[in-house]
């Protein structure tokens, strides 16, 4: 998302420090003036603090925003070390244990003896229709930490076989149950976070640069240019992306991987989605260009492009950050809706959206409710982003500052 | 003003042309056609399939198909559905009212709830009720509609309080008018809840932000300084000004009246346009798709236009001439 | 076959007059206007009049014109309104009299003469005449009319011929004897000339649009059990009892018993299930996975879930053997029967049955379902799951697993292919996942890539650019109705459609068997020919069939005359009744 802010972009951020980076983006060059109407008697310079400190101060007061930030940090870290957290490989399936309920962790065994280390029992399928299993209580399998399992590269760099936890065969540790193929839901959620969490960043990375430049130009020049550009944007806004999507999913070759294919669709979709954002920026720029610093730059004979890039667009940064934090959640929701229509991420890849839409039916609701857990992750992420966005809006808008 | 309206209507024409040409090409780009299902029927011969292709005009070159469709549109003929063998307009009309009913009621409910909540949240910024309302509305907008629709159906099923999807009961035709109204109202509860929560959350947030901004402005301070009661200040002066920017949102919502509820309609079986159009797209029922595109595009532009007009009336600074 | 026959719910049980007499030990019942009504004897009980029967459908009807109707959503409605000259018994699959009360065959099997039942009236009061039958035939053969009936009534590229013998009799002639003629003529619905004559006169395109879903209900006139009362798009179709119907029960009561028949339109199976559990509908065709759960809820839900027989439809994996579609080395593998047999051994049908169908499916080795009691061949060669056997067969055919664990053919090419299916069909996607893992165990690199249905069909029937596909076909009772699939010249001959001349010996053999079966009038001898064809298919494995899933209809206990028929149809509309008529 920082990329979107323009000249200080440092690439897409995946992990910790999300909100800090977002906040720094507002620490723009000195022109960072009032955003809409000039407010007499409220000059930025009268405060003895930097804008960053001000924003942070404001943000800290917004408890929900902080909470959102923390949740997101946790989730993004989870995505980064997915292979370490997941006890099983992504395509692992246990044909004997499908629709297996979440593993019951025990501390007390059949003989009544207590153990320090939690353990599970091995289970056996009793009735595939009722999805019932029977535990073999004669022997417990303790949960082991830092066990050796499937090899992978930690953070795509360090080759290792160590996984956070696991149990010995034939027992299984299905923390959040297993799905209809006997695959571990927890594993799939952890791996799914990689796709689901990056979807939003990808959309933002495509829409925002295009939208800023397009909207900036239209707004800055106004008049005929603006009129023409906005009409074109309107065609794109009115264009039913749904049809495009259906068709694309048919035209894209079947041989590209399921995830690659989805990224392609997202990129193409967001190359349409910029239009709405461009319209927003344009309205903003339309107002901005009346301000003294723009007029002054013009009077100094600076080129239009330079003015747009150096003076106008940077002033939209707080708007951009807010839009970005709100676009990401809608992209995540969009992905789940696409999966519901069968157009999203396809098997055998996993994303929260396709996990949820595969699990969201009434039999599961009453028989295997754990298949709906991916929904909680979606809701939690989207709520977190929204809180953060809200907090940032309050924090970055100078008029909101009270202290 | 009238000139502005006429100009916008004229701009609609090239825009619709653009949309329809693009969609026509895109629909045709993907392999397969409406006859796919028939082709897979073991008893249907190749000759029969070919005959159907000719009947539907699918054997013609693309530009011929498009131009033929376009000239018919000008005469008010939206063509026939391949699947239903009835005019596209009849199909759309048979469901248009239901979709509009659902969306308009959801819109009214959302505004009736969203605005007061937004005012409350702004006047009680960072209070526990503000936080609780935020949390509530955020969870609302963060749940995919297909999921919340399904959950509510499940609740309706478990409790038996509400009908499970659909729009009318079996004996609807036998009811007196108030019975009919009540019956539809009962069926509306679930979809309006799902759609309403979405809209309420957005409106609340917007209203809260706008009002907070207005409340900091000088004339509000002046009003306060004059010793006016806080309630009068908020309700008489601030709220009015804070609502103005929402009118644009209202226009957007008007534009989305026909398409906003599509997925939900599919989930709960609301007999609206959603299912019809989704089927048509999936099955490549060409003229139904094209017809609904045109109708959707027109409503979108009309919605924006209405927003412009409302804005001009409510904000004297805006003039279009 | 036509949906009307696949969906025996709408098909009618009857018996000959003699059987009726034997059963009731009395004079055959008559009706004031119909001297020779059909007596339905197979229903266990004498029903009560009145009551509403409510079912659900997951899509809207697309037309009320029975000649044009294709999908079950349409035929489900038209089947209750329109009828043919003969009907299929839903329990046995045998053909019985319908609007024709009797028929005769000439000794050479090339002429069939039908006698129209007397006194039958259209629901607007107009008598049914031979002109209506002639008109219906004319409609089917009119250029531009969209109907698949024309394909059934065209035998080896020659339309059947017919001649009106007198006001009550019509004769049909074919060049060769046609064994399944009765079934074919049963697919022809008789439509009212006085209502549709004008439309047909204006040409096929106009005819296709008449009796569309925008027709005022009272305009739709049939001879069947019910009369269309109303259709509300996206919500329901309501039908009312035809008070002048031409069938009676054993005691001479005029059928049907039900006053009202309602088809609720629901968006998906989930909603259908909820509506049933909330007692808003009377019938739900449960999915295999739901069987156990429904069994538990029987008491509380006041319904019974039946352990039904297998459906006729089949899911299978097919490899492309068409040289225009795939090139060597893939073509070589796919055309190699040893390769196909080996892979067939690698498919774990037990897991498919358990995971996908919760154990309610039997393994399938051939093209006809176990549920087709008339023609299923129980002695087919079988391919029980055995990865070791598969590996051994592959090795014998020259395929070796390399050091990296990947299978290579004799030329050293890595064996890899893409399996596709139509996206959104969860059963097929689940099967695909299992099969992918099964083949991976052999060292084959398999990509499983579901595609949109339209795209897939486009490839199967148009471009032929595909490698392996998992798909299903609906089946009829008589395998010859699937000639489009099995004849090497057929357009649905999946692995290599529309061949100029058959590419292999065994395809020649199937062609020959089909030709003979088509002409064979004796049902036993026809069965023998069908057995042979199934054996050839099971030996040559052009398609790998997975399982035959069972049906499990759940039926409200208030309904009477429930007796499971072919494909799990719980009863017939004409004799179903509500024991307690709480609903009007």
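Every chain is named by a letter (A, B and C) in the order it is written, and numbering of its residues begins at 1.
In this section, a residue touches a chain if its C-beta (ideal position, glycine included) is under 8 Å from a C-beta of that chain, and two chains touch if they have at least 3 such contacts.
Which chain is which protein? Per UniProt: B = ABC transporter permease.
Being a predicted model, the structure only gives us computed values, none of them experimental.
Located most centrally within the structure is B, per distance between chain CA means and the overall CA mean. Pairwise, the chains sharing the most contacting C-beta pairs are B-C. In whole angstrom, the spacing between the mean C-alpha positions of chain A and chain C is 47. Centroids built from CA atoms put chain C at 39 Å from chain B. Chain A and chain B have centres, each the mean of its CA atoms, that are 26 Å apart. Across the assembly, chain C contributes 270, 274, 452, 454-455 as residues in contact with two or more other chains. Residue positions of chain A with contacts to 2 or more other chains are 246, 250, 361-362, 366. Across the assembly, chain B contributes residues 30-32, 150, 153, 157, 282 that each touch 2 or more other chains.
Those residues of chain C whose C-beta lies close enough to touch chain A in the complex are 270, 273-274, 289-293, 295-296, 348, 351, 354-355, 358-360, 418, 420, 423-424, 426, 429-430, 433-434, 436-437, 447-452, 454-455. Every residue of chain C that touches chain B in the complex is listed here, in rising order: 1-2, 52, 54, 59, 62-63, 65, 68, 70-71, 143-144, 146-148, 150-152, 154, 204-205, 208-209, 212-214, 230, 232-236, 262, 264-268, 270-271, 274-275, 277-278, 280, 452-463, 471, 473-476, 481-485, 491-492, 498, 584. Those residues of chain B that touch chain C in the complex are listed here as 30-33, 36-49, 51-52, 55, 80, 83-87, 90-91, 94-95, 98, 150, 153, 157, 160, 164-168, 170-171, 173, 265-272, 275-276, 279, 282-284.
Residues of chain A that touch chain C in their complex: 93, 95, 98, 127-130, 180-182, 246, 249-250, 254-255, 258, 342, 346-348, 358, 361-363, 366-367.
Against chain B, in their complex, chain A makes its touches with residues 61-64, 231, 234-235, 237-240, 242-244, 246-247, 250-251, 329, 333, 336-337, 340-341, 353, 356-357, 360-362, 365-366, 372, 375, 378-380, 382-383, 386-387, 390, 393, 399-400.
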